[in-house]
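Shared chain: chain A. Partners: chain B in the first complex, chain C in the second.
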Partner chain A sequence: MKVNHILMSGIAVLAAAAMAVAAPGSGTVSGKVTYEGTPAKQKPIDMSKEPSCAKEHATPITTEGVVTGAGNTLENVVVYISAGAPDGATAPAQAVTVTQKGCQYVPHLVALQVNQELKIVNEDQTSHNIHPLAKSNREWNKSQPPGSPAISEKFDKEEFIAVKCNIHPWMHSTFAVLKTSHYSVTANGGAFTLPNLPPGKYTISAWHESYGTQTQDVTITGSETKSISFVFKAKAY
Partner chain B sequence: MGKFFAVVLTIIALVSAVPIVRHTWWMPPDISTHGHAIDEQLTDTMAEAGFSFLAAQLLLAFFVWKFSERKDSGPIKSLPGGAKGLVIAALILVGTEMLALGVLGQKAWASVYFTPASPNALHVQAQAGQFAFYFRYPGADGKFGGLHPDKIDEGNQNYFGLDPANEVEARDDIVTGELAIPANREVLLLMHSKDVGHSFYVPELRMQQDFVPGLDLSVHFTATKVGRYEIVCTQLCGLGHYNMKAYLNVMAQDDFEKWLKQKASEQ
Partner chain C sequence: MNTKVPSKWMFLLSALAILALPSLSAAQESHIGKLTGRAKPGKELYRRFCIGCHGLRGDGQGENAPYVTPQPRNFVAATFKCRSTVTGTLPTDEDLYNAITRGFNTTNMPSWEPLTPQQRADMVAYIKSFSERWKNEKPGTPIEVPAETAVTVESINHGKELFQKLECWKCHGPEGRGDGPAASTLTDSNDQPIRPYNFSVGTRFKCGTTNQDLYKIFITGVDGTPMPSFADVIKPNEAWDLVHYLRTLQVARRGPESDLMKAQGGSAKDADKGGK
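For the complex of A and B:
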């Protein structure tokens, strides 16, 4: 009998240990980001000073300060865990790429981890001079003539960095440099998902370039999917 | 050797005069109301300087040809009055020429810079910033909203730093990347720089004016021919100066009103 007891408790301890040490969790936080109210109109961009780019757009492109989708959903919202999870141990080896094409940054927003490699590519027939307006990270700007190789850079501090081109004033982008490896950027449809979460209490933040940041607390106990939503207030101007 | 030099000198002098006389690389056609006075002044100056230049070169060639083989190194002849007389004569001649050009030409300058704009000129604001020009029309209320540099947000097309949320005058302002104006209507261009020195230059308009940081400057002009003309920055302003330009679009009055309405709807 006593041996059985010892065996059972031994197995129980092992099982508990196994659950605690298991690296990726199986909880998920997912949801949608929407807005209420009327967002400011996005304005067409006049590229006449750069004819090689102007001719790439049959109709002028518009600014991307607020990109919306069906059902009042918001794109380009960075949803990430701001508290409750350890920082990403090492940056992923895979680089993240941003391309200058048609005098536009594609994609409009890039999320990456601290010390993860960022590749900057110029596919236009004109020079660009990319200038991340970093405040915590080192601020730099680099010229990139057409046909030159990709620029490789990385950032060592968490920061949402506004990015501009020194030659083409309408170009604008954001580099969202994050400490955590748990992040999701909403695309068309406004959906986000943060999988592989171990049990714990988390603070989820949602950042939008025009509407600011919102936070919510979520607790994961096992393998469940917690559904949350963020609603931003649209501004007319 | 000397005679050969004299011949070469004559050829160079005459050949260099040919493209000037034939207007080979001349200014583009003038589309402004004030331009003819400037063109006249430039032509007069070129003619006077040209004649003096040719006369001096041909005279030099003549003297080299005539005296290059002379063995005696003493003076050739003495002019009556000596060198002093010659210098005084030259001063009077050249001085009168300069004075004449200045007096006759000051009207060209004064008509552009010392006359005020007419009271019903179209007011357009121009901002030069590294490395693009942007223009603002006052909209239906005829008033420009205030400029707030802290509100400048180029990624969202707020180049002037307008505050429509709090200022009624700013709500109907029309900001564009090209300068469209109606033909045959005087335009008052109110200029300021967002950062460093730039310059507004439209060769066809015979109009060039620096943007000086900290100063509110203005020029006024009337364009007479419909068309699209390049505005180039002609003051070195940084690494993108080579790329800094905009377009002046001179349109018929109706087309201009249609264009302005279209731009207003895009704000």
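For the complex of A and C:
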């Protein structure tokens, strides 16, 4: 009988905890990511070895290691809650898509959750191979000729995965696989926003593929909007 | 109702019983055919024969590693080139056993055939202890290799069409000499330069010697290298056509495929004409 009591109270505690985790909040953390200094010049990409892609670009495109905007803002920065939010958020049913077009990955960086479906599409006239250079997740490598169906994959560990196509060595992407559902990728203008935060103490991380990671702690008490900013030091190379 | 044993003791007893269960033994044993390999004797063999290159921790950083190209396999990362399983999944025990037995063509990994089958099976069991993956994942399902289709001119010509359509030549070159447009920029997953296989200079592959081995190479991909898996884009009977064509690119080798082309009055070189 005592064992039964222990079991029942254990289940009750777990149920209460599960309900507490599910409650959404109304606080927001938002801001901008900028850089100081002079970023290295991005190099034009020579696609002459792949004429079917070269002709898609009237002027040659450049590498995308650092993409900047007006006001010294930085694009492709993944801003996310690295501590304080409950981990293991259920992956959304909605898939995230990355497209190979003009021998480039569009978008350049894809953020998704652990176990969320990633769809990889080839819209080019040439084959690509998709090779996520994962270290924590499994490393696989698949060929995707033109006209073949989308490749569907998922990743079960948090990791910033460098991705390349071996056939076209200028192609680079990152799959940012995150445990949290609270993330925002900066676009043109460098802005990010993390809404629906319950009260609590959070560590916000900002990751950039060339400039590394920065963190800040933010406390949310209610429905306020906390404004923070990240400033990265530009590298000369 | 009252049980005879007080409930707190029941709890303790069941906890001890669970702890006493043998831990997941899959990582400590290997099964290859009728052989069962064990990690304990495998460890002694590893220390004697493997540690110099593959390292004390199995991470490919043995004392010979700085002088060796390509780098020795990192068993901690557990990404393996020669498998019968889907890309990204663990190899079977037999895959590892075959790799040890064959060695790796054009590398510093020799054939360990002088060791007995039991010894090689024991080494497989020990190697599996280096990575957490062997505790958390099961090996991938081995792919089905259907019975080989007949070697005919039609099969070889269809294989040549596939070679063009799937753009193998982008890395391997139009005659499979490893001189395609992308060949000089290839790097493996550790950013080390790597060359695509040159069909014209040898008869052995990195992962075997037979048509069945060749079939598995491009269907499962060579993990850790630029060579992807074509499992989703080649149908099984078409895969045999590609195998037969690829054999004709091995101009240094005499085989049924090259004999057939010669009998038809052609050769591997002629088979390549007019197809680009």
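A few remarks follow.
Assume the second predicted complex is superposed on the first by the 214 of 237 C-alpha atoms of A that agree within 3 Å, B and C clash if a C-alpha of one lies under 4 Å from a C-alpha of the other, contacts with A are read in each partner's own complex, and residues count from 1 in each chain.
The working rule: a contact is a pair of C-beta atoms (placed from the backbone, for glycine too) under 8 Å apart; a residue touches a chain by one contact, two chains touch by 3 or more.
Predicted, not measured: the structure shown is a model, and the values here were computed from it.
For the composite obtained by superposing both complexes on chain A, the positions of chain B and chain C are in clash. With both structures placed on the common chain, the touch criterion links A:N129 to chain B and to chain C. Once the two complexes are laid over each other on the shared chain, residue contacts for A:I151 go to chain C alone; chain B is not touched.
Contact with chain B, but none with chain C, is seen for A:H172 once the two complexes are overlaid on the shared chain. By the document's definition of touching, neither partner reaches A:K233: not chain B, not chain C. In the superposition on chain A, contact is made by A:E139 with chain C only, not with chain B.
When both complexes are overlaid on chain A, the residue A:K201 reaches neither chain B nor chain C.
In the superposition on chain A, A:K55 contacts neither chain B nor chain C. Once the two structures sit on top of each other via chain A, chain B runs into chain C at 186-194, and not at any other stretch of 114-122, 186-194 or 240-248. Taken together, the two structures place residues 49-50, 126-127, 129, 143, 166-169 of chain A in contact with chain B in one case and with chain C in the other. Chain contact summary for the complex, chain B toward chain A: residues 129-133, 154-157, 159, 164-165, 176-178, 238-240, 243-247, 266-267.
Chain C contributes residues 1, 7-8, 10-11, 77, 79, 86-89, 165-167, 170-171, 181-182, 185-187, 189, 221, 223-233 to its touches with chain A in the complex. By the touch rule above, chain A contacts chain C in their complex via residues 1-3, 49-50, 126-127, 129-131, 133, 135, 138-145, 148, 151, 166-169.
Contacts from chain A toward chain B in the complex involve residues 40-41, 43-50, 63, 65, 126-127, 129, 143, 162, 164, 166-172, 210, 235-237.
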